[in-house]
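I have a structure I would like to understand better, so I am pasting it below and will then ask my questions one at a time.
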Amino acid sequence: MDFTHLFVELVLMPLIAFLVGLVMVLMLRKVRAKIERRIGPPLLQPLYDIVKLYSKKTQVSHGPMHEIAMMVALGGVIAMEVFLPVPGLNGLAEKGDLIVLIYLMMIPSLGLALGVGACANPNGSIGISRALTAMVAYDIPLMIVVAGVALFHGTTSLPEIIAAQQAGGMSTWGIVQTPVLALGGLIAAYAMLGKEPFEIYVAPAEIATGPMVEMSGKFMGTLFVMQCFQLYAVGVLYTTLFLGGGEYWISFLPKIFAVVFIPLAMTNVFPRYKTEDVLKWMWKWAGGFALAGLALVVMK
Amino acid sequence: MRPENYKPVQHSASHEYELYFGPNHPGIEGNYALKCVLSGDVVQSLRADGGYLHRGFEKIMEERLWIQNVALVPRICVPDPVPMEETYARAVEMLGGLEIPKRAQWIRALMLEASRVCAHLFYFGGHAATMGMYSNMFWGVTDRDLILDIFEEITGARIYHMYITPGGVRRDLPEGVLDRLSKVLDYVESRLPEFDNLFFDNAVVINRATGVGTLTTEQALSWGVTGPNLRACGLPFDVRRDDPYLIYDELDFDIPTETAGDAWARTLVRREELLQSIRILRQIIATLPKVGGPIRCALPNPLAWNVPAGSVYARTESSKGELGFFVVSKGGAKPWRVHVRGPSSMHAVHVLERLGPGSRLEDVAQIMFSLDACPPEVDR
Amino acid sequence: MSKGSFLRPLKALAYLGRPAVTLPMEPRPAAPNYRGFHVNDWEACIGCGTCAQICDNEAIDMVDIPELKADPLAGIKPRRPAIDYGRCCWCALCVDICPTGSISLSREYVHVGPDLNTYYILPDEKGIHGLNYPKGWSKSPDADLLDLKRQTMGEMEPQERLQSFAEMVAGFTPEAALMEASRCIQCGMCHDACPSHMHAPEYIRALWSGDAEEAVRQIYRTNPFSEVCGRVCTRRCEDACSLGNRGEPIAIRWLKRFAMDSLNHEQVRRIAAEGRELAPSGRKVAIVGAGPAGLTCAYDLARQGHAVTVFEALPHAGGMMRYGIPEYRLPYDRLDDDVDVIASLGVEIRYKTRVGHDISMERLRDQFDAVMIAIGLHKGRSTRVPGTNNENVIAAIDLLRDVTLGVAVDVPKKAVVIGGGNVAMDAARTLARLQTRAYGAVQVELVALEPADAMLADADEVREAKEEGVVIVNSRGPRCCIINGERLTGLETVRCLSIFDNQGRFHPLYDHEDAQVHEGDVVVEAIGQMSDFSLLGDKLTEKLDWNGPRPRIDQDGRTSEPWLWAAGDMVEGPDVIHAVAAGHRAAASIHNEIMVREKTP
Amino acid sequence: MNRELESLDAVFREMPDLKVEHTGPRRTRIQVEADALPTLLELLKGRAGYLHLSAISCVDWPDTEEFELVYHLWSYQVSNLISAHTRIPYDPGRYVSVYDLHAPAVYFERDIHEMFGVWFEGCPDQEPFILTEWQGPPPMRKSFDTVAYVNDTFEWREYQPEWANDPSGGKG
Amino acid sequence: MSTDPNQAVACRTVDAEERSLLGRVLDRIADHCRARSLFVLHYCTGCGAIELPPTMTSRFDLERVGMQPMVTPRQADILLITGYLSVKTLKRVVMTYEQMQGPKYVIGLGSCTINGGMYWNSYATIKLLDRYIPVDNYIAGCMPRPEAIQQVFLDLMGRIDRGEAQAWKDYYRRYDWYLGQQQQLFGTNWQAPTDVVGEAIRYRLVGEQTLGSHTAHLERYAPYYDQLGIIRPEPARMKARPQLEVVSR
């Protein structure tokens, strides 16, 4: 593969991720509006919000660390996208593997933690400590799920996992082959998106929106952009691991939207758990399913 | 702030830290502040800080004519203004020895109960929102709005009706409004199973709300807790039944209680009260067409109305608890003194400050909302 | 307790497939009695300012509109309310108290924008943006804040009234007076309408707060004939009263009477003397005629320290108040009280002194710094139809005077009174009393030119006269007195078709076919009075400027002779309160004049 | 009801100086000397179940330079509301707290201290609550004139509406 | 160093009239997006707040025009003053307002913000909101109903789209005047944490009244006089607060 081709892919993949992410944000808000019995935002709303936030005329910054950390966080999510293969674009997916991806996925949280720490707002600090707790809660089941998938397919390379699943049509999809593991993975993905009942760090009524409390203007805009990437990443990752990945965009897009739709819809009918309940619940159920799935894989 | 001017705040080394809840905080009902000292997630001490909504009601009421205060009183409590109007009006009637026509009494009871339905629907939304579940709030507020439409039809205003005046009410009911109210009640009742699905049978909600802000019966009695909060501790006391006013002794209704005394019990009591209010409203709808007569008694010209000297203490069961108005007249055209005993004044300061310590940070907002503490009536 | 379920909440996901309840963006039409922005019907609005008074928040200002015409007699002020939406709380008390019902709230409720000057509006009937929204909250009869019904007053039964000349109305009880006073909305229309500009709002407010003394003090600021005006005033104030727009006006006259009745005579004398100038000014003023105008003038001048002498031809003071108004309406001792208050200020009244006969005008001019005449209208006019020269055709004013003087009157068994005014009523009712006393039965017929709905007399008078058995025949003009030999037997009348011509001049049209005979031993003519100017003497009569039958006066009451003022009925027509007002005006003018002039040697 | 009120009368008999007046259904007004009030509250609480302190109201009577304190007590047992009125002089403006009898008193006493400047001995908390940023005198006193204060401190809007140029709008 | 502060200081934003064609197009796009994405600060300062839940929720759903409530002032574009403001709250409102990022908009709801409203004779509330912070739009009502609140938002959106709602700049340009008004209530030692003059210089929004005799009370602004080449005036003598009888507590 020549360098120009790679470069085009490196630009194209985040761009697609962003655009699809915008639509996912719109879906998030529309689904919410529907359940709340109202109309919801216009189609371009996510874009308006981001442009508006970046075009704020005064910007408050809490020191260099604030700015750097936010760039680190944004960089983390963008980097994540180029490791996620999508139809026609493999990016760096062949160079890196699942393990790299899992590490990359922690960068945004850590970057955010650094940035919020620089703001010195107690609500932000509590929020970020909750966010890290939540990460612990979902990362362990996720690790187990990833390990199970890797064991099942005998590889950590995502293109290879996709290829293996696409070999026999739907019957070779992860969700059919390893349903328990897929369930554990779905719960972990749900928690990864940070939606109620697992949303503990952006708790307006408790800690005044936690990490976001001091984020304004472009920083808030960055968070909005990150949300697009994150929704997309979770959708793609789960699709890649369990739903046969992407062969054509026409079949790939519905899959990733379907994955994201489940937590986005269910979040509206639950309140948030307390921090320790999230830990308990995730380890008990998500972890339980993941372990059971892993055991099944190992036993096979 | 500019980056170069930024200096991080230095905190002394301690496991305790201060966290301000409010006045600008989504976990606060209204404009109110709580100063919490926390260790980890656990509240060590909690201090209420009010006065952000202070308007000096009691002072400016002394500056206005008896009738002018009709416009002032509902503003004391924004979410549930009708009991304010009713209590003030009744206090003045007691001072002046006025006999309210029967029809006015029934209409006033109708307003009071409809307002209770409103307040409770609002409350469910508020309680759910403190736990991060907004669908319930959206539903509750939306359904409440249908009752506000009825209020608008009867009184000409949605929130501040200024409808109940000393001596009766200001307008008779418009044609057909009882039928429409009846339909709205049917609708609200039909919505309750949906609320049950979403909220009252929600495992996560119950997990979050049980055991939060628990009041024992003894605490409730000695801390002056009233209203649904008292009934959630198992004491079936209700001003409507034990110190009846208007035509409440002619109505048939139950006084629901719970025993747990926690946030969830308070919410369940209110759910049951909502049903009871609907039951009362249905009785009123059935009876009102048969009650004829004037809607207010003859009053002197309000510009020159001297209410006889004396003092009275009038009480009403508002959606939040016992509401009291102590009104003193010196025989003049203006009240000499009006003391408002807002039901929340106990709950938002005294009780909250005592329930706070030992609770979790994430439950502070829930405790405040579950007590249905309404800051404007604390600040007055 | 139930642990709850994870699955049941998921049922709410069904709403993904249900329609939204959101309303369209356009503002909904508001409820029929919505309290939106104000509208005000300028035609109906009288500018009384009651809305501004009831307003909680001082959100309403009354703005003077110079283009509008003031009409104090109809109770209309040339001003309209302006509303400050930086204050208004939409309580609609202004609507519920508005005496005319002109102000109401529309169903319009959207007004936004950064220009704060648009938040202060002068509402008209089109509303804040001229969009003619339908009316929302407006006047409702079952919830009127105003008390539109008058307090009732004790009154004698007609049969009892006929037995004597005792005062027939009882006056307010203290409770009724308090309630009546509390009805007042203090708009001040009465003040503007009163010829003497009496401070009615102030004394009513004083009565309401239980301070009768203050009330009397307010009354005496402008009227020394309070006992009289508390009983027989023509009460322009009550015609102008804002409450009269939709209900019964405040009984201002009876409240004045109540105030006077609550105090004893000594207290009134003390209050009247308050603030009087004790040092004599050294100026002397002569006043001819001890009627309301003359005595009011005397009262004012005496308070200012001038020496005042009043010349009265008759044996008692009061003029037309005594000799024209029957005692059952105005007891003489009440009038005596008023006169006594004035006399107590040092006014000298010389009774039975007829100027022009006992003392000439020229003497007065020489001996005094100024002279005022207020001789009233003591000569009855005649219809001059054939037969009126009969001795049994008498003038009402002569009849009334004779009754007051105690002159023995031949009481006719049957009497006919011509005239539809208050004097006619007085004459008829006096005759009715005399007949009751002499024969035990009333047979008085009153023939009025006007139809029943346009009688000149007060409606109360007409009603009471009928109650007392007076038969009132409307729309009939006299044609001739029927004289049988020397004896008068009755009056023949014809039907009157119209009274005034196109230009509004008095020019009655009769249907001569429709004649009718009213039997009577006596015909009393009560169609108007005139003055007897013989006291002036020929020279002075010659010198004065005349305005028809009356001396021409300027706005201060001064005649063309610089030393002579004239006031009262003789120049303005019959009315007590007008005479009082004229007395005040003349007194002020005399005071200004004589204080700059050298003292007469 | 009558039997229950009898138990109340027993309380009243023990305190001969009370002026008791039944002012309406379930309403009793008691005039009590300032030094006897705590005893009265204690007796009412112990004998007749007046557990619930509904409110403490304060009334300023500048004519006699006194504050009137009114304790509103409700008995769940007797279903009766007693308003116990007592008067204390402006000077020194001190009274005893009834916190030890009725915990809610602390809120009302704090409020009265803030709004009227009465000091309650033994009240655990009389810090400013509503008026933490208020410099003036206790505002609920009759001597404090709020209208004068407002006119002195704030300005009013001066509108220049268009109609001021032509108020009649051609209607004259 | 030039004495014109707006020329002297490095800047990020330039006024519209100075911009290039591209800049103007970008501005237009930004205004377009600003008007369609308004975050309302979730702060109930007074009674009007009770009509906000209906306005924001399903029946009158304002998200369909791109509005949503925001929790912290940092993220919010609109500060709604929902009615009366007690002096105690005003302090927090000023702090909140200064923490918001420009362009920011203030809407005064109802009578109380315009001329004192219902509480005109209350010692506890302020009467004229625009004396303390610049206000972009008002709405009549007590309280205004949800449809009316919708209309004020739509009106404001129109103004933003046309580039008209610039009141927030006024706060920088006339900071001294606003501070003076605030000082009348809070005393001359009042200062919010935000360095408003520093921001004004940074964002080239210095006006003739940015510094003046009221800012002269505050030591933190002392260096800026030199920086801008302005002579520091005598601190303004404040109108004596009404002499209140001080009662010993």
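Note that the chains are named A, B, C, D and E in the order they appear, and that numbering of residues resets to 1 at the start of each chain.
By definition in this document, contacts are C-beta pairs under 8 Å (C-beta built on N, C-alpha and C of every residue); 3 or more make two chains touch, one makes a residue touch a chain.
Because the structure is predicted, anything quoted here is derived from the model rather than measured.
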Please give the intersection of the contact partners of chain A with those of chain B. C, E
Based on CA centres, what chain would you say lies at the far end from chain C? A
Pick the chain whose C-alpha centre of mass, unweighted, sits closest to the average of all protein C-alpha coordinates shown. B
Please tell me whether D-E or C-D has the greater number of C-beta pairs in contact. D-E
Averaging C-alpha coordinates per chain, one finds the centres of chain B and chain D separated by a number of Å equal to 21
If you average the CA atoms of chain C and of chain E, how far apart do the two points sit, in angstrom? 60
CA centroid of chain B to CA centroid of chain E, Å: 33
Where the CA atoms of chain B average out and where those of chain C average out, how many Å apart are those spots? 54
What residues in chain A touch two or more of the other chains? 33, 35-39, 60, 204, 208-209, 268-270
Please output the residue numbers of chain B that touch at least 2 other chains, ranges allowed. 1-2, 25-26, 51, 54, 56, 59-60, 63, 71-72, 135, 138-139, 142, 160, 198, 202, 204-205, 207, 379
Expected list for chain E, residues touching two or more other chains, is 42, 57-59, 61, 64-65, 71, 88, 114-116, 118, 120-124, 142, 145, 199
Output every touching chain pair, sorted by label. A-B, A-C, A-E, B-C, B-D, B-E, C-D, C-E, D-E
Looking at the complex, which residues from chain D come into contact with chain E? 113, 117, 119, 126, 132-139, 143-144, 146-150, 152-157
Touching residues (chain side chain E, partner chain A) in the complex: 12-13, 29-30, 33-34, 36-37, 42, 57-59, 61, 63-66, 71-72, 74-75, 77, 99, 101-103, 199, 203
Which of the residues in chain C come into contact with chain E in the complex? 20-23, 25, 27-28, 37, 56-59, 84-90, 109-114, 116, 119
Which of the residues in chain A end up touching chain B in this complex? 32, 35-38, 60-64, 66-67, 118, 120, 122-123, 126, 196-197, 199, 203-209, 268-275, 277
Along chain E, where are the residues that touch chain B in the complex? 41-47, 49-51, 53-54, 57-59, 71, 73, 84, 86, 88-89, 92, 96, 118-119, 121-125, 142-143, 145, 193-195, 198-199, 202
